[in-house]
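Take a look at the structure below.
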Amino acid sequence: MVRRRAPPTVEGWYALHEFRTIDWDAWREAPERVRERAITEGETFFADAIGVTDAAAGDSAVYAMLGHEADLLVVHLRPTTADVERLTRRFEHTAFAGFTEPTDSFVSVTEASGYSEKGREFIEGEVEDDSGLARYMRSRIEPEIPDAEHVSFYPMDKRRDPEYNWYDLPFEERAEHMDAHGDIGREYAGKVTQMITGAIGMDDWEWGVTLWADDLTDVKELLYEMRFDPSSSKYAEFGPFWIGRKMAPTDLAAYMAG
Amino acid sequence: MVRRRAPPTVEGWYALHEFRTIDWDAWREAPERVRERAITEGETFFADAIGVTDAAAGDSAVYAMLGHEADLLVVHLRPTTADVERLTRRFEHTAFAGFTEPTDSFVSVTEASGYSEKGREFIEGEVEDDSGLARYMRSRIEPEIPDAEHVSFYPMDKRRDPEYNWYDLPFEERAEHMDAHGDIGREYAGKVTQMITGAIGMDDWEWGVTLWADDLTDVKELLYEMRFDPSSSKYAEFGPFWIGRKMAPTDLAAYMAG
Amino acid sequence: MVRRRAPPTVEGWYALHEFRTIDWDAWREAPERVRERAITEGETFFADAIGVTDAAAGDSAVYAMLGHEADLLVVHLRPTTADVERLTRRFEHTAFAGFTEPTDSFVSVTEASGYSEKGREFIEGEVEDDSGLARYMRSRIEPEIPDAEHVSFYPMDKRRDPEYNWYDLPFEERAEHMDAHGDIGREYAGKVTQMITGAIGMDDWEWGVTLWADDLTDVKELLYEMRFDPSSSKYAEFGPFWIGRKMAPTDLAAYMAG
Amino acid sequence: MVRRRAPPTVEGWYALHEFRTIDWDAWREAPERVRERAITEGETFFADAIGVTDAAAGDSAVYAMLGHEADLLVVHLRPTTADVERLTRRFEHTAFAGFTEPTDSFVSVTEASGYSEKGREFIEGEVEDDSGLARYMRSRIEPEIPDAEHVSFYPMDKRRDPEYNWYDLPFEERAEHMDAHGDIGREYAGKVTQMITGAIGMDDWEWGVTLWADDLTDVKELLYEMRFDPSSSKYAEFGPFWIGRKMAPTDLAAYMAG
Amino acid sequence: MVRRRAPPTVEGWYALHEFRTIDWDAWREAPERVRERAITEGETFFADAIGVTDAAAGDSAVYAMLGHEADLLVVHLRPTTADVERLTRRFEHTAFAGFTEPTDSFVSVTEASGYSEKGREFIEGEVEDDSGLARYMRSRIEPEIPDAEHVSFYPMDKRRDPEYNWYDLPFEERAEHMDAHGDIGREYAGKVTQMITGAIGMDDWEWGVTLWADDLTDVKELLYEMRFDPSSSKYAEFGPFWIGRKMAPTDLAAYMAG
């Protein structure tokens, strides 16, 4: 009956990943006037969200998805739950929303955890605000969404099975796993950017992983390599995977035109 | 073939957690007059439910949810199954209900179990009605819903697997687990309030956990810490997680306006 | 490669549990005349079914359910599959059916199994027809639905896992389990009535358990106690759980009025 | 890294099990003239399919199902995939199809496997065409659908788990299992008729089992007994179970009338 | 905490498998003029896709599926994610798309992995461009879709369970498995053609397997034999299976006519 030690964590912005399909039948049949208004209102909403005109801080992005589960992914990062909750409703009041249906979502908050000594020092406030470490940690919990061509998103859990029970490992062993896992990611620096968000108590999986890359095969290669690492091969359970391509608000008209 | 001893339990109010989505397409297209009537009837229903004008005792609350699975969560606590069953039908007769669809629900009853000696004394009626213990136990089974900004809800089971079989543990071992688990919760006193409801024989999971907190990261931190406790890491199976923000009935018009 | 011995069984009436939701939006918008006809035809159908005007023997009952999965549960017990299959179609021809949607069902047949010596004697025809044992056994396979306030229904399987394989236990061990399990049920005599129906080869779970009780916490307490019994804690897999409140056909108008 | 030996198999006709629900709301509201045309076209389609007017050989049957998952099951057996694929589309062009929705299906091919020496001799072409064995084997892969009152259908897999891995058992051990399993079936000769179809590479389960019997409790008893046989208790994984009652095309009008 | 070595991989064209059902009710009721336009636009879209008029390279094919999950499968292979993403939207702008609904999809990229020494040499660029090996490897990642009558598609994972953990096996052991597995496939050369696509980080399964054969029982026999090979019997987890028959764009009118 040993209770294992949880790592300290620090949270930043709340994150909402919203997946939507387009109702192409309705779009094909809509009069030009209705389409134009929908495009205008959609563009304005996305531009405002990306410009963060609705809150003190944050970022947003829009992606054209591959596969039938979703046509669009909208990612919102904001300081409060009120901010992200309101963005959903604001979108629903645009004429563009009428041509979309929400099909999935992930609610979480950016997170950095203190498995490393440096991480713990930052979380415990022992680091100068203008130090490189502090800037790095802040960039992880208040991240700027990179301008990469592709996004890949998936939620995940750590396993709690008899043989593979992450939550029953000693802290030091988990820290070593996290460090080795991070090493793989660091080999892809400059090619793949990641954002980790925590969802315990908030959504059905424990974490969300958002990856950005210009070349999608870099994401594939990174995740394939990680799959052979014990922290994945033994301790990870993965949810659905989604990929998409970055869209500017001004791309919306071309996107809807086919 | 040893049958383990079940803890005695005491039940209080029946609990209904109702999750609903808003039909935003219908709302956008509804005439102002229809919208106004919907808001008025929705507000009145929620105010009456919160005022418990329909029953001898209980409490109700409404939440604006994050994520696509639900827009609204309505929680009703009432002394009888007839009370909660009728509230659902009454809501369905409001004009507001026409703009919503039920998407999930959880049916349970507030529960306190006698794993501790004090719990057993209360359940077996050996405690003075006006003692602090009696008042505490009653507050758990006839709770007042706190006025916190956030709610988090999830259902859960105890595992019955060969290696991790909660129902095959001796009573004393389970009691120790429950005590240690409770210790974590007590560290969050004043920050996170919890309500435990039992659903064996009533819904698909064995228990529902409803947590309230102003700062949602307190819920996240509490549940993360608990996940490393053996009663969770080895013996708990979690269902879906939902979060929302408290709404007063008078907030409904602003909510629907985006 | 030992084949274990199956217990002999005796079957009685076919059982159909039909779960339906109400289309409240259509109901709110239906003209009074249409509603009246729907209520009249619904009442008549339920009264005829309960009166068993369609078959030589059997019983039926209607319940108002809690939770979003179903608003109504209709239970039909009849001597033949033709009887129960036709009842579904007859209901679909009432105007009331147009305000409902089928959402779930369970098809099974009342069953008594010969794990006990007395059970085997009855099944093998070695018992006088008018003996107490024969009357008791017949009451289990041709049961009268009790007039209790609440119903609880769930389907279940026996596990076939390496460590917990019910179907690989010797007959005698299973018989002991069944006997011990029955002892718990007998402690609730007068409070909780049960009906066991078998569904092997007929529906997705192996058995259905229908429990009736005036006080729903008696069902919860009974099932909680049973969960600590090895025949449940090690060998049972449970499906969804539903609860409802008994409705007379003449309650339908009040029910639909909210 | 031992690769186990697969049994040789011989295939006959392609099999399509199509499950459909009736849209009773649309039926109730359809004008008499539309209903009549639907019945006529439905009857004709079913009669033609049963008469195999569309192909060189095969058989078809229609069943009225119990439970909400399906109202009708149509089984088609035909020599080619083109034959069965076209039958679906032909049905969709009848006016009757407009009152139905496809809800499930199973695509497979009749199969006999060579676990027994006699089976292998037939498969390897070492048996006289007009011998009893050849006639028996052909009757399994080009079967005539029996005129029994009831049908029961379910798909199944053989397990590939560490302790219960069918595909890792030596050929001889599997052959013994198959032989013992067949013994149970043979005890029900004259009461229950079975058709085995293979679906590896064709549908989500590895095999489909279609059973016919006048008395449905014979199916239940047979499958209950088989469940205690190791080839089921340890090595089988079952999908959903469906049951229905045989319908002649000329029964369609009465069926739709309630 | 040993991290196993991932095989090097080389990727070719992005692959989109799109599954769609036909809305036969809408088709039956559509005026002849509307149907004709739908057929014309559908034919043109499919012919253009197969002709790869939209991109520098690639291939496409259309299949008539068996079973209720899908009526049509469209496979697109293209050099970029932009190419395949746009094809979906272009199809949605045809009048034919209005008679279809997307029901499933698989997003992946053709992949060859370097478990064999020859594979690694090609991937590491140590092979002459015009050698037989280079031509063979290129044919796997930039494949021409064969003109076979049948297609079979399924996604799969390698298991990460304690006893059967592919990702915890030493590289050499995995290489031996892959080699033995390939041997089975090679026995079906000329009868069954396969395409392997990787989906790690892109879709919910790790790989997609597309098989083509004139005689569908060759696919069944091949996969049955493979199921007894340890790389399948112990290490593979399979998703849904689909089968279909090749359709030329000019077959569309006949297909829709029943």
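By letter and in written order, the chains are A, B, C, D and E; residue numbering begins at 1 in each of them.
Definition applied: a residue touches a chain if its C-beta (ideal position, glycine included) is under 8 Å from a C-beta of that chain, and two chains touch if they have at least 3 such contacts.
As the structure is a prediction and not an experimental result, all values here were calculated from the model.
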Item checked: Interface numbering overlap (same over half, different under half) for subunit C and subunit D -> different
Note to self: Nearest whole angstrom, what separates the Cα centre of subunit A from the Cα centre of subunit C?
What the structure shows: 46
Notebook entry, point to check: Which whole number of Å gives the spacing of the CA centres of subunit B and subunit C?
Noted result: 29
Checklist line | Overlap residues in subunit A, where contacts from two or more other chains coincide | finding: none
Check: Which word fits the touch map of the chains here: line, ring, star, complete or other?
Finding: ring
Next item on the list: Moving around the ring in the sense set by going from subunit C to subunit D, list every chain once.
Entry: C, D, E, A, B
Checklist line | Complex contacts: residues of subunit A adjacent to subunit E | finding: 22, 24-25, 27-29, 64-69, 150, 152, 154, 161, 163-164, 173, 176-177, 180, 211, 216-217, 219-225, 227-230, 232-234, 236, 240-241, 243, 245, 255, 257-258
Margin query: Applying the document's contact rule, which stretches of subunit E touch subunit A when the two form their complex?
Written below: 1-6, 9, 11, 16, 18-19, 81-82, 84-86, 88-90, 92-93, 95, 97-98, 102-107, 109, 160, 162, 165, 167-168, 198-204
